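Structures are listed in the sections that come next.
Consider the two complexes below, in which chain A is the common component and chain B and chain C are the respective partners.
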Partner chain A sequence: MIFNFKLLEYSLSSLWRRKEKNIALIIVYALVIATLGSVLLLTHALKIEAVTTLTAAPEIVVQRTQGGRHELIPVTYAETIEGFPGVGKVIPRVWGYYYDSLVKANLTLIGIEGYQEQLELLEGHFPQSPDECVIGSGVAAAFGPQIGDLLVLEDSSKRRSEFRVTGVFHAASNLLTNDLVVLQEAALREFFAMPDGLATDLTVQVYNSREISTIAKKIAYFLPDSRPITREELLHTYDSLFNWRSGMMLAVFASALMAFLILAWDRATGISAEEKREIGILKALGWETSHVLGAKLREALLISLTAFIAGLLLAWLHVFVLGAPLLVPLLKGWSVLFPTFDLPRVVDLYQLTVLACVTILPYLACTLIPAWKAASSDPDDVMRG
Partner chain B sequence: MKRSVVCLTFLLAAAALLSSLLLSAHLHDQRYPEKWQDKRDLVAAVGITDLSLSSEARYTRHVTQADLFSAFQDFPAAFEHFPTGSMIPPRPFGYSGRVSFESNQQVRP
Partner chain C sequence: MNADIHNGGPLIRIDEVSKIYHHDKPDEVRALQNISLELFPGEVVALTGPSGSGKSTLLSLIGCMARPTSGTIYLQERRISRLPEAFLARIRRESFGFVFQQYHLLRDVSVLDNLMFPLYPAALPFMVMRERALALLEKFTLSNKQKTKVRQLSGGEQQRVALARALMADPPIIIADEPTAHLDAELSSELLGILTELHAEGRTIIIASHDPVVYRSPLISRRIALRHGKLVDENQAAGAEQ
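Entry: the complex of A and B
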């Protein structure tokens, strides 16, 4: 079939006659698509970042609960868990939070033991002695230190503890390390005044990934006051948190979709007298209903496709170039240390198809139904209004 | 005829720009697999379980480690327990700084 340029020319002329209204419509339509697209791009990129990097997280984290609350776990639990077949190393971890009321920043302090290897994403090296530390680039940006400076923290008994900064995590790892302060485990234990036989939680290495859930069940059975969290649960949490059909972005998504539906509803219920007269004239000139519908479909497609492409380009610019400044406050809340995004530029084609379906198809329907009603009426009645 | 050619050219150019952005992102990711491996090495070394995204509360900083089962426990997507919680503002802060850095050359207060 040869593409008929004259029909397209007619549709463009028809749109151009109401150019103010149609340009305004395309702008609003594109902004709605940009909002919906930004939510989809941001949540998908965050989800990919989480589920791709956290595949290296511990297979099982074991917490202890007492009175329904998280409590410190006895290190002796590690020996019990190590006795289960298929379990490798069980490492007690010491970590916690530290709040600075002047900057109003929450830091996450993590203790590690005997890690010597050099990492690509770390400038400097991990602490080799109890008075050394490594910080995330968010901490460096908030407090302004460099490698070689002293980090001075005040513990719960108002005692000054000094740590020499031996490394800063690269900004590329901000989404993982932004608020981290990594110390040697013994130093952090002393800083938190944590008794020797206790730890914050245990990490459990499992040789065969298919046995993880079985071992988690065993841990919960033999240590009833424990709460094992498997890596699968961890990934599932982020999968559902950044799923566009649930989680924190649903509210934005639903609001934008609602705004679009109001726009479409307005189109569906209010075909103008001028448009009705135009349809009546076309019918009087000998056009059939299918011809009128074809012309209206072309007009609607031109508006929808222009708005869809413009909206997606805006969403791309907003999320991947500007760092999603309009959506970040939703994630940030009252956080002071918030990472600058270096998001993976990944796009889910399924989501884009869904976006096209939920925006373009209703708009086409809302344009065609009133046009069909007008076109199937008597031309004389339609022209008289 | 002229207007339709301009319109089609514009639409095709915009579609091509969008497709090239999507494709370039896909290719970029495939070209640098070591970027992900570096991050996984870091996660394994420090034992990271969560994204460092919202540090305002412990249950948003460590979403996967938050508990759901305690009475009156806060957790992600928790309802406000008491209406007064949305009326009473947080207490004023700023008594003292507990974190400071001292450079080799000068000591900061």
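Entry: the complex of A and C
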């Protein structure tokens, strides 16, 4: 029966006869799948982005706190930490945030020292003088300058500083470099009026990953005003952040799922009198229950697979081509912090399988169960209604 | 024809059959009560009686489209009334051709496709089905309507399509429920002509009708009268009809 093409022909003809209803059904179904798919694609892309970012992060970052606030850390702390067994390089980093009210985006300004090994240039060269800078692709897109152009920034006293762009970043993670402006350390200290001998934080290289937490405890013990943050803790923070975002997304996901279930329920309970009568006629003509179910299964598969593929394509376009404009309001805080950037175009097959199971299987069940109820009754009963 | 019906015994035997709709509910309807009768190969039987007498229900039971509430139905001495659905479907497909009072054609489907539906489960080659359908359309002078949708046909044409569809699987038994209900005198006469031809081919024909044009036709070899779901004496029934 599987290869009975006449049953497939019947299914196609049946779908065509109710084309207005079926096209409307496919549109609604595809939109629900597009919503569900957008949520899954976006949250997965964000998680991948976060994981990629952390791969390049140092084992420990040491900050200094005073009165619960983050303060600049003395560079001399680096020498103390380097003295601990198992510790490799300790690099003072100089960086800060710069908010541009015109483009409504926060940029991260960093000194090249301490970062050069993590960053890879797409084009150009790293700054070789205090008036040169390298920018992330998001900065280039938001502010417009390309290699050779000037990037103009205002410091806290409204003094304009001009930097010649000498390179644009390429990094495994767009999130890592997208909002970066890299300057020479001296230029950055001048821009942020940061005194010599102090840094924003220290990065600590640990040879043996199993010793990271021990070394972090040692740092906290010997330098009581410091706050060591391990990569594990960063991962946990990112995970919480994206899980929280996912939680917001879950609301959208749940709403879309609810819409789908209503659609499916309507389908399950709403087999029309015309469809029932048709099933009764086919039974009276000698069709077996399995023939009717085979034909209805083909119809349901054609509708659900068409809607699934169309919905996924819409979701892919929405998230990866258009930048998820319908979901961005839920990520508003995040989008203000960073200029927009391209999400990694990664699709998780497991999630797609789950999405297919959540949307296709219930629809098939909701189509087949009422058809089975009608088809397993005596034709006389079905035709009498 | 599909079934071998030459064994001298009854083709169909109905033994103490009752049919109750909505059993044990306030709207219970006793459509048939303890009916027993035998139908023989080659007969043309007319089931007569007023509306609601149980004619259509009896046809449904004979044609395996419904199951009796009690009693037994035999087809060529095989008990069929309690068979599983798949077997009943096969019997309907191979042994019976139905002509319904309301025709029960798929109105938005072409005449040709309507004719081929009974053969879809058999998965015959398309050309075989098509040739058989075209031959029947020619026989019923509907060749020029093969691509026309059923809803565009007249009542008489729909009746002929329904009859052609009933013959697609070449069944030995034709069951017709009020076949002239929507036809004028001329079309009724034409239909009886077709039924006569089918009888001449050796088919058994069972017709439910309260149309005198049908049950007084010379084609009819036996009349079975029903009143309130029970068999009644034919003379008594004839008297009541007059």
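In this section, the second predicted complex is superposed on the first by the 223 of 385 C-alpha atoms of A that agree within 3 Å, B and C clash if a C-alpha of one lies under 4 Å from a C-alpha of the other, contacts with A are read in each partner's own complex, and residues count from 1 in each chain.
We adopt the following convention: a contact is a pair of C-beta atoms (placed from the backbone, for glycine too) under 8 Å apart; a residue touches a chain by one contact, two chains touch by 3 or more.
Treat the numbers as computed from the prediction; the structure is a model and nothing was measured.
Shared-chain residue A:Ala78: touches no atom of chain B or chain C. In the superposition on chain A, no contact is made by A:Ala324 with either chain B or chain C. A simple residue count on chain A separates chain B from chain C, and the partner touching more is B. Applying the stated contact rule after C-alpha superposition, one finds that A:His291 touches chain C and leaves chain B untouched. In the superposed pair of complexes, A:Ala199 makes contact with neither chain B nor chain C.
When the shared chain is aligned, chain C comes close enough to touch A:Asp380, but chain B does not. Of the two partner chains placed by the overlay, only chain C lies in contact with A:Arg17; chain B stays clear of it. Touch criterion met: A:Leu180 reaches chain B, while chain C stays clear of it. Look at A:Ile281: by the touch rule set out above, it reaches chain C but stays clear of chain B.
Once the two complexes are laid over each other on the shared chain, residue contacts for A:Pro58 go to chain B alone; chain C is not touched. Comparing which residues of chain A touch chain B with which touch chain C, the overlap comprises 6, 13. The part of chain C that touches chain A in the complex is made up of residues 57, 60, 63, 65-67, 85-86, 89-90, 92-94, 98, 100, 104-106, 108-109, 113, 116-121, 123, 126, 129, 165, 169.
Taken together, the chain B residues at the contact with chain A in this complex read 1, 3-5, 7-8, 11, 14-15, 17-18, 21-22, 24-26, 28-29, 34-36, 38-56, 58, 60-65, 67, 69-71, 73, 76, 93-104.
Residues of chain A touching chain B in their complex: 5-6, 8-9, 12-13, 16, 46, 49-50, 52-58, 61, 63, 65, 67-70, 91, 93, 97-108, 110, 112, 115, 117, 119-122, 126, 136, 138, 143-146, 148-154, 162, 165, 169, 172-180, 182, 201, 203, 227, 229, 233-234, 237-238, 241, 302, 305-306, 309-310, 312-313, 316, 320, 331-339, 344-347, 349.
By the touch criterion given at the top, residues 1, 4, 6-7, 10, 13, 17, 277-278, 280-291, 376, 378-381, 383 of chain A touch chain C in their complex.
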